[in-house]
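Can you read through this structure? Questions will come right after.
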Amino acid sequence: MHSRTKITVRYAETDQMGIAHHSNYPIWYEAGRSDFIKLFGTSYSEMEKAGIMTPLLNLTCHFGLPALYDDELIIRTWCITMTAARIVFSYTVKRIEKDGTETELGYGTTEHGFVDSKTLKPCNVKKRLPELYEKINAGVKHLT
Amino acid sequence: MHSRTKITVRYAETDQMGIAHHSNYPIWYEAGRSDFIKLFGTSYSEMEKAGIMTPLLNLTCHFGLPALYDDELIIRTWCITMTAARIVFSYTVKRIEKDGTETELGYGTTEHGFVDSKTLKPCNVKKRLPELYEKINAGVKHLT
Amino acid sequence: MHSRTKITVRYAETDQMGIAHHSNYPIWYEAGRSDFIKLFGTSYSEMEKAGIMTPLLNLTCHFGLPALYDDELIIRTWCITMTAARIVFSYTVKRIEKDGTETELGYGTTEHGFVDSKTLKPCNVKKRLPELYEKINAGVKHLT
Amino acid sequence: MHSRTKITVRYAETDQMGIAHHSNYPIWYEAGRSDFIKLFGTSYSEMEKAGIMTPLLNLTCHFGLPALYDDELIIRTWCITMTAARIVFSYTVKRIEKDGTETELGYGTTEHGFVDSKTLKPCNVKKRLPELYEKINAGVKHLT
């Protein structure tokens, strides 16, 4: 249970080293999460309408090989653990080569809390969005 | 009546041409507006709390000379016209050279509407924020 | 002769007004140019390898309706005029609605100079890349 | 031996949650590094002129409290370890409150390799920039 999001590296995303600047990876991860959540029949927009936001608590990124302008990338996203209060996603970034093979450029993780949109205090997603909670956890169990 | 905002060009703002990417200029203009509004004893935060937002309607940027990583820039911001419904700002971007002189790199304008935060419909800022309206217009008259 | 580039609005591209920040439009335009150039059998990467860069001289953006998180956008890009020294592109930004219709959100233009990568001085693209020059100009004539 | 870099949160850096988007933190850390290196009488620009670049290998960010538009932040930067091949920086992000006290919002680390600008292969900074190497290491020893 994972999503694959296609990203083309934008010129504005490069820096004067001639590579995609590292600050773009968390943005690409976020595009990955956006697609991942849609696998479960919902979306970030719908979760926000339901009064739940998922601010970031922790981010890790490992950079192996650089991504270059106009590279076609695949962001592979999956959930590695989820509790009533927190969710952790993992990502790999791969480049699609001209011959169709994929080269891994790096990987990362993000850990998010579930908070109520109005109070910004932690909320129990198991109670607030039980169906989504069960579906994602079923996917997590399948991984392990 | 104008503000001067100091910006140091960030590495992440460069692109593979080795210059500051043009998409940063509207962000620097915005930092300039943020400081300009403070000259009048208020702020964007306070305007938003008062229920007024100022989305962008039109943007123009002219790029003469490039800005480079670690350049010290001055964004000079002033208001060129303001009505009950709209406001137009003008900006110059200058580089502070090692000898203290300033070199003009470019200039631009932004035109904003005043809208109500909740309805997102146009609102009359002359009625909603009469004091700010008078103060800014006094500054505009002084220019002409 | 125009290109159509699909963009999904990223969460990171929104601001606290709840809309896509205007500084993203020049980045989306750039993604449009990147695709437009590919229509002519070349790319920005190949142009840079051939020693030619196209820094921005002027930018205009008109914002009609806001783009929102997760909106599917189409950036339509075409060339409106090209000389040996400069090229002007035009863009429209449209949202693809759920029913498949398209709503225009705004439009803009960018004017670029042709410069030599090493000297950063203007260069004559009609002489340096005659085939590309002819092809793009044939497309421009077709428009008028 | 650490640097303190002042950042004012830009409107463009906020997202529709109403907080500074997490992808800005690595950019702020980078502004911190830029100032830190200057403590040693050199700069990133001079290092790049000397043929050395420091691409990112690993990034970690911990987010405790959100930063908001127009917040005044201090990025505190120091070096926690440095070898001939790699350097690790640590950062704290604090908000300067109205009363002058500082509230810690989060912290992070970045690990960089030293590479040759032309070959992009690892290079020995102890040999290439011995003076900088000694100075930074003296600062690191002072910490422990």
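Should a chain be cited, it is by its letter among A, B, C and D, assigned in written order, with residues numbered from 1 in that chain.
In this text, a contact is a pair of C-beta atoms (placed from the backbone, for glycine too) under 8 Å apart; a residue touches a chain by one contact, two chains touch by 3 or more.
Just so it is clear, the model here is predicted, and its values are computed rather than measured.
Taking each chain's centre as the mean of its CA atoms, C is the chain most distant from chain D. Interface comparison, A-D against C-D: more C-beta pairs in contact at A-D.
Distance from the chain A centre to the chain D centre is 25 Å, each centre being the mean of its Cα atoms. Here the CA centre of chain B is 28 Å from the CA centre of chain D. One inter-chain figure worth recording: chain C and chain D are separated by 34 Å, centre to centre, where each centre is the mean of the chain's CA atoms. Multi-chain contact residues of chain B (touching two or more other chains): 11-12, 16-17, 19, 23, 26-27, 30, 69.
Contacts from chain B toward chain A in the complex involve residues 11-12, 14-19, 21, 23, 69.
Only residues 16-17, 19, 22-24, 26-27, 30, 48, 53, 55-63, 66 of chain D touch chain A when the two sit together in their complex. Chain D makes touch with chain B in their complex at residues 8, 10-12, 26-27, 30-31, 34, 43-45, 69-70.
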